[in-house]
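Worksheet: the structure to be examined is printed underneath.
Order of writing sets the chain letters: A, B, C, D, E and F. Residues in each chain are counted from 1.
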């Protein structure tokens, strides 16, 4: 408990969390502070490229772990199963329609790469190592949840054609391709490749993350201001309970796989986090009648800040205690 | 200068639907269209804005087609098959074009 | 396809006035509008351009509303209360819309 | 509110031709115009899109002029001298403006 | 005098001033060189974040100076008083209408943060330290001038309602919020926080400033090309005289407060500089009839280059001589 | 031969080439991965500024070579002559119309600055020095080819007025101005100036180049997908033969001038590379009837990847062997 508190304090007073808080505060106060969309997208490309590359280099360094393939498979299964749990939980906790519940569920099966990045950064400052291939697991967990959610809907009699285009869009969405691609490049070029671009992808990383989280805070704050009306207490509670449920499943999976402390913690982080980029886009195509305010506000306005501030230290502390 | 009567159809639609819409237009034999950015707006489904948008990439665009009047119905049918369940607005106005061979 | 007569009002106005204008529109019961970017232009007050603009952020935008004809006067009154002393242009044209329940 | 009849000319043209077009408009005494971005489109010369465009900077823009009806021909002559050999589309529609002194 | 000349020479031949000159030259030659708006805005966010953060860290390091609060109050007063002087000067020197004169005056009471940044960078290369909280003083001086200008107008019988929206927009404009926010973050996280993001906000700072000033040069050059017609000799002269008047007041204030050499120099820089972002936006809302070509061309095309090239070395040299 | 192969292997497995390959693959697979236009333009401004500045500093360091002026003149002549050769070759190899052939020829007389940057980066990792002023030669070679191409057309009876505007646009296009301008700034400020902004323009350079080439790959891949239909075998072959012809001429020129190994290699790279920014824009104004799909797909989809992957190691190896 002490460890959790001290980790939480360190985390809460780190530049990245404070930058996020600044963004939320500015948005709630209706400041016109605002990071251009192109710059925000540029930063997210930078972060994906850097995190993928470093993951690949670390695999090149430490060699392939026997559990790499198992972790990937476990990630795929977790991402497919989490929406079912989320859906059941929503039906108990909230009065959401089947459609809205399925859409929300899809988000919680998938992952938030920024939460993952923030998680690695907490691990780093605590000096805890993790498996480099967790980046690949993150990529694997992006998409299956969407299929589960659509299956949930079609089971309810409301059949949805998953047209070929949508499947391609989901599987080859920009962040998956960039993450997997830069992971591969890092793997191929290894430490030598890293040496060439270290000054770009390693040294300024934390600083870029600050500005990126400032933007996330602005967006989350504006979402909260606009969308808070749609979140009834049951839905709100789900936004905090579900990450903990997810984290518990991630913990079990990580322990079963015999991952390192850092690996277990990251599995928890991935399972606890909710998507707010890839899944919303897919939902707008496949379930246009589901209300985006609900799933976006919940995922980005409630779960993301919760994970960032309290979740991460909890997951890291629990993983440390149990490994 | 000699002009020809035409119809200008403006469809405001979610970005994620853009390629589906233009594919449908092409399927219906519409060969000319342009896509214009939309920064924000408001409608039955509430307000939104690219800046400070909860999820980047789920904004809207405006697809504009200038077509021969006799092709209007085909275009609308094709467009509605795509946009029907989606948010947005379709408006049609009369116009004239100068180079008839252009569209 | 069945269509309904409507009016399309396009207001080009300074970015700093955008939220004041849309607030006024909302006050007048207008629920649907879209905002389009404008890159540059020229008018009585001279030329300007977003690129190489002396002060970023003082550009212009185009607010487009498609409304029922009987709401036009209310909209124009509301809009003019805001834009009256400001630079820009207001134009109105006839159009038709397909989903009448949409606006 | 009192309105005045006007014409709205929308010219979609390559970015590289924009300043030549607006210079020609100015030469023809047209004092008001706005430039809107275009993200992509399709026409006789094939499709294009700013994103994933082979060469950045060779996109298109839409130049919009609202003018008095009697100035239409002068504008079209001036515009065509520039755009004639180039790709794009010119469309004209009727509209009304509120502040006649503005254009 | 010698010191001024040698400082001026070093300053004029620094990469940042030459980059600015390149931008002006390219714009005057009508090159299509052009930095995308989003990138320029991204760079200005970077600069504000970095300068605020470093200021906060320096306060965390050196502790709060007894004069911190006094400096803030002095800044507020200076910003409110400078427009009155500027207005009087304009009525003597120029034939501008009351409306245009008030609008111009507002700009000269407020500040240009890039001039401030360039000033800190001249101080740094001369090895002169300054109070970290001068960043907070800069933020304090952004807004009061606007109120003074509106008061000047209303005194002339042409009452302007300062609607609540406008006041909020002015007080919470993006640059104030970012500057104050990152200052607070730097203060809270201190040297430890700085260590994490130093490779982002310290090392590349000068380089980003070069590209930013290149863009400023392009914009200033284009403004001069388009707006030079509106500037009559009297107005032009004001653009060079007013910064010197402002600097003199800043000098007095800094000496009264007993600031360090660097602090006095920065007080001069702030008082001498004129706004071209926050104030123009407020003027477009509150005084739409005032001609933007006049105040923008004057502030960005005349006073900004003057301060950047000749002003800064003069202010630094004078501050060094008198402290 | 061995050296070529080993250089080619090192080159092909470098992060920058793999990033380019990732982009091409993502585009061909129709992923929505996409770098915002403003960010891509921002990166190209960064690269131009950095490469120009470093070139200027190196001239300041090593002094002006006696051959500087000769190299510039040689560059101008090469750029003017290459389109004539390209035009003749196209008339033999392809069935293109005179108009299309002239437009394509203009591209091959001009240069691709990114190929040049990639070339310097291959040289650096092989530890081969080159003349700093080769950057200025690159700038000199941008424009003359356009004039040659227009002359070719007018010789065919289809007179084209080179209006004053177009000439100014060509001569003062953004990349020339930025390259020459930053070269001058580097020259003036020298090593001292470099020291100030080294952390910005040197250390992160390779990393930015990776992301930039990722974008180039996306654009090239999308161009290939859309435009591959227009390229008949003869035209395609030209896209690979012409760079070799150009490189041979560049080799001769470099040897004649007595340049260093690196200088000769870079002369080959410049002559071998084809423009895809400045020349297409000029062609759209001056020869709007020429089909842009042909010249863009050829230059960016065929010649650029060829030079990047196979061309560069060949040119460097040949230059090393013959100097």
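In the analysis below, a contact is a pair of C-beta atoms (placed from the backbone, for glycine too) under 8 Å apart; a residue touches a chain by one contact, two chains touch by 3 or more.
Nothing here was measured: the structure is a model prediction, and the numbers come from that model.
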>> What are the mutual neighbours of chain C and chain D in this structure?
In response: B
> Is it true that over half of the residue numbers where chain B touches chain C are used by both copies, so same, or is it different?
Replying inline: different
> Among the chains, which has its CA centre at the largest distance from chain D's?
Replying inline: A
>> Which chain has its C-alpha centroid farthest away from the centroid of chain C?
In response: F
> What is the distance, in whole Å, between the centres of chain A and chain E, each centre taken as the mean of its C-alpha atoms?
Replying inline: 40
> In angstrom, rounded to a whole number, how far apart do the mean CA points of chain B and chain E lie?
Replying inline: 45
> On chain F, where are the residues touching two or more other chains?
Replying inline: 34, 36-39, 41-42, 199, 203-204
>> Could you pull out the residues of chain D that touch at least 2 other chains?
In response: 36-37, 93-94
> Touching pairs of chains, which are they?
Replying inline: A-B, A-E, A-F, B-C, B-D, C-D, C-E, D-F, E-F
> Which bits of chain E are touching chain C when the two form their complex?
Replying inline: 27, 34, 36-37, 40-41, 165, 218-220, 222-223, 226-227, 276-277, 280-281, 284-285, 288-289, 292-293, 296-297, 300-301
> Within the complex, which stretch of chain B touches chain C?
Replying inline: 12, 36-44, 49, 60, 62, 73, 76-77, 80, 89-94
> Which positions of chain A touch chain E when the two form their complex?
Replying inline: 13-15, 18-19, 22, 25-26, 29-39, 42, 125, 199, 203-208, 210-211, 214
> In their complex, what parts of chain E are in touch with chain A?
Replying inline: 36-39, 41-42, 45-46, 49, 53, 168-169, 172-174, 177-178, 181-182, 184-185, 188-189, 193, 196-197, 199-201, 203-204
> Along chain D, where are the residues that touch chain F in the complex?
Replying inline: 14, 16-17, 19-20, 46-47, 50-58, 85-87
